[in-house]
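Quick heads-up: structures coming right below.
Heads up, the next two complexes both have chain A, just with different partners, chain B and then chain C.
And now, the complex of A and B:
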């Protein structure tokens, strides 16, 4: 699924640099440690072209979890759609990223020049949107990325969004990625200035015919508080990758993530957490449910810099396997260069507990319903980390739907 | 008429026969006790009757209200009115107590062709029953059995029995892990549920429980067979002479 790059009309030199980087390095093979568990070879067999038009209906738009009354930033096939975008935004400034020198410097200086998705999307993007949140209180923001819902096939989309949250500003963000086929490689960048607070809910609910390689970059300054929840459930192959830098003291982040895989899906959750300064706190909770022949990967790196004393970094990942043909791979990595830190990681992989199942069934609850109750119970603690109630209920509804579909499919096997 | 009839029941676990031909008949409204030493097959019997996976019936039959249940799944047996109070109730983190109770009760009501209860009405019913067993609102709000003490877990079992209104209840070592006060509360709860339309099978090691829940009949299970049956005085005999004495007599 290597996009045809020769036709790409790259206007800016800095974009050209990223294009050159990408061409030089190409897609990573599984010999690359960062991509050891996720092979792109199947995906690369299907040729795609970079999408240049925003055609397509908006039916999926209504399905996507979003916040009512939010300021909407809508991309279709990676192209900003000003007609579908809008809504209230009294203290939010939306502009073209390419016209902002600071934003461009940020991209050029980001330590990601080796990253295939970063290079490719910066080179291939058709729209790059910059959102500035200046005031302490603003409306929520919904970033909606819809791709190839209107019949286009064999294309790739590369939306890029940068959100800068000013000092002491508070904002809620929902981010949804839905596509029908092709390749989506969106980049979302968040910068939290001193004391900024951000609640972020990301949902990737693409169809099984599409491939999703999402990259998020979060930078946090002093005293900022970032709380994110991410749901990954779509795509034949998907990677949800986040790089988070704690750059100012007393910053804290809480990342929770649920992935739901069925059929032959491959989903990869990768986090890179950099404690660059002292006195920061990070917590990661990952829960995955895999059915049929699905494969789930979690790679979580926590790096604590030599001066980052009093770091508190926690990571816990659990996978629930519903079928004997599923596979879960977990790779926690702690790189600790400071000596006064509290860091931990834990990983479990298991099946539905037979004792628990029998307890429910012995009360007359049908087996499939009992199974669903236990799967939901496995996820509920992570779901309740969402601090935006209306998004929590939408995500919960989506998850219940997924579980009941999985139960129906299993019932057919009986 | 017999509510529960066990005929020549043989059963295996992992290919090893544990029950070697049990015969037992419990009439409507009767409470029978099954006593026996460790490893005699008491818990196996309770799991076999309730249909737990891995407990394979190899011969004989079990009739509930005159209908054979050995081909029925565990949930179907429960909906037909069979109830097992667990020796070790399982914790279900993340499963809300109220929704669990309601799912159970509604499954049984659906089976009986009755209307399901709504959330509000159900909370009232549960509170009333919980009060009788000294179960606090806080306990009802927690996840199923999570953070409950041993006594609280057993009371929660009896609460489920009160709500599900079974025709046949099996109480598997309900006295284990209970102090005297908790034993009294649980026994009172069970006695409140004694009814001409409800039979019970009380499985226990000790006579102690049977001073609170007085049985109509007592059976001694040993080596996978019922070796002796009698009235409540048989329990006292066990207390005095131990199981060895009974086995010798048999």
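And now, the complex of A and C:
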């Protein structure tokens, strides 16, 4: 069901435009090519209204990876909570996004006016936060801890965060989505100015009762370096969508993504990577593990614009199926309009290699442990991309925990 | 029509460039322009078809009316006016031909120009040709030899008369009447095509071949091919296309259905060289083809090989439905686009049977201002234990103004299935080009050589008769793309 949009009190014309867009187009059906593999029909059956107060806490959020001593930005139920937020950082300035004309015009120019989550969240947001990171101050590395917690039954939250990273600044971001219930549709926007460096770890570990429709937009200028790691394991339906624009030469990005699905979860990882100028490099590594009746979807498009010569775009996606009732759908897409490029994608889908399992078991390792070792080995390579050691170990711990839960459940089968 | 004058000038201007651009002047018998139930009835009556066939056509036509034009492909298509097309045109006096001597000499001369091995050449080439000239089959050779083996190879209109039980059983069994927009159109108005039946245990003694020609102005060409191979049978079928120069866009919507029963094997090879249009794409053929094979029996095998160099627009996805246990589907494709050509081509491999295997090798070459898209689906269903797929799509870009796209869909519902997919995009390496030039080759020859090397994996799958022609074609297609 749609959130009660008629009762929605939009504050300004800008939000009104997006509300009109959303109402006009509605939620996408599976006839929409971008949503071909992800049907929202189950999610829309649940009655939802837009959350208006910062309620709800979540114990799960305490399990989430975080960085000590970071500047904290906390959203509860989609609303910025100034009491829970805090931490001193001379480099970081937090303000209200609505009051910043540049930020608004940036959003107006973003080619996402057809996107349901983009329109709905802008229309329905109760808090929009702008974070500016300046490198001219004392601290060499700015650290931000972005948490989205709460989530009440039948409520939907629509937070909006924009982070602008100034020239040559270096920032580490830990982003956590740990809501308990309801629908969560956050938008996170990153702008990397010339030479900016950003390490971003995103963990979506919400409860299985919640629905997650996350949208990220990343724009990179000349010489910037963006490295992201994303872990998705929560939500009965979950879509993690990222649009990344390489707008300045010599910019590079590395995206690694892990999704872990069990029970009746539906996990969707969608990336849109736009090489708009020459001499940029992008690399994507996606690993998914699916158990029980879970369904995993990966859609990744790399588009190389006509003038984007010397582009290097690589993508590799692999899915591991642990149960007979899982399904993995993959659509890696290349759209190339320039000739001097090296682009490739690869995709594999399969189960645990019998020979590898046999090798371990024949050396005296119990079968369940051997199975866990192989799943871990399948996933762990992507973690080396996390350049923040304390986050790496926390993510690793979380993954091991997920695997051992999965092993306990399937031990019954053996 | 302004087209008349334009055609003449266009032909005069471009004949030098398009080797097969000529129009044969033979009187045709035509149905009036346009598409309605009466035209469907007219075609059916002309073909002397039984009632069930007419009803089948009408059912398809009524479905077609309700269907929207598909718009999901990466093709920019000018809207087609389906009422501005002749749906039936047949060369006159075709009834009761006893030998080739009775065939219109002008027609034979056309085939001569195309190098089709009819008359004496047929012996040398050893190919039985069922030549389709503007929708009606006029000459069928090697009938006796095939007859001795028990193989039926005849125009489908004849099969409807003579083998109605076979046609009734299999026509539309692989591609249902309402499968898609263009196949429904074909079901309603198809005029002729080939019918092949290989009985149990028979290896067809020769490669069967049909050359399709588009000749009459504004004639949509709607071919229908049905190939049935019974248990342990084998057939290799060759399809080649060349078309004369033309100004207006011509519509071509063919349907090919293959049925392979237990242990049967079908090898279907295509060289497609329809007129691609001028530099701006004007006048080229619109090629919307639905090809699908059903591996119904255990251990059956269907192999599609295609070399696509022509047409202004190519919309073509030869597919395999792998129902039989341990059945095999293969797809080998080379698609070359130059000038303003657009190709959206690929395959579908639907794995239903246990142990079914499929291989997809696709090579796309785009040059000039063309757009070349690979679009494919690999689907492993719950029932397809230990199914296996390997896909490789490579794209080569020649020049800075073309585009190469890859859109694979991969769906796995069975963990014991294994799917591997690889795709790469690159351009002709400067080292290779330099090496060839340094040894005195012209740039065009060098590009042709390198591209042929790039396609080698697919070319080696072509039957001998096609391999040489196809290599030349790729060279010709890329003319004017470098330097």
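Quick note on the criterion: the second predicted complex is superposed on the first by the 391 of 414 C-alpha atoms of A that agree within 3 Å, B and C clash if a C-alpha of one lies under 4 Å from a C-alpha of the other, contacts with A are read in each partner's own complex, and residues count from 1 in each chain.
Convention: a residue touches a chain if its C-beta (ideal position, glycine included) is under 8 Å from a C-beta of that chain, and two chains touch if they have at least 3 such contacts.
If you're wondering where the values come from, they're calculated on a predicted model, not measured in any experiment.
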Judging by the criteria at the top, classify the pair chain B and chain C on chain A as clash or fit.
fit
Is A:381 touching anything from chain B or chain C once the two structures are fitted on A? First, second, both or neither.
first
Chain B versus chain C, judged by how many residues of chain A each one touches:
C
Let me test your reading of the model: by the given contact rule, A:355 touches which partner, first (chain B), second (chain C), both or neither?
first
Check whether A:373 is in contact with chain B, with chain C, with both or with neither, and answer first, second, both or neither.
first
So after the superposition, what angle do chain B and chain C open up at chain A's Cα centre, nearest 10 degrees?
80
Does chain B (first) or chain C (second) touch A:364, or do both, or does neither?
first
With the two complexes superposed on chain A, say which partner A:41 touches: chain B (first), chain C (second), both, or neither.
neither
Rounded to whole Å, what minimum CA distance do you find between chain B and chain C in the overlaid structures?
15
Of all the chain A residues, which ones make contact with chain B and with chain C?
none
In the complex of these two chains, what residues of chain B are touching chain A?
50-53, 73-75, 78-79, 84, 86, 89-90, 92-95, 99-100, 103-104, 107-108, 111, 143-144, 160, 164
Can you tell me which positions in chain A touch chain C when the two form their complex?
33, 306, 309, 319, 321-324, 326-351
Could you pull out which chain A residues touch chain B in their complex?
353-356, 358-367, 369-370, 373-374, 376-381
The residues of chain C that touch chain A in their complex are 72, 382, 395, 397-427
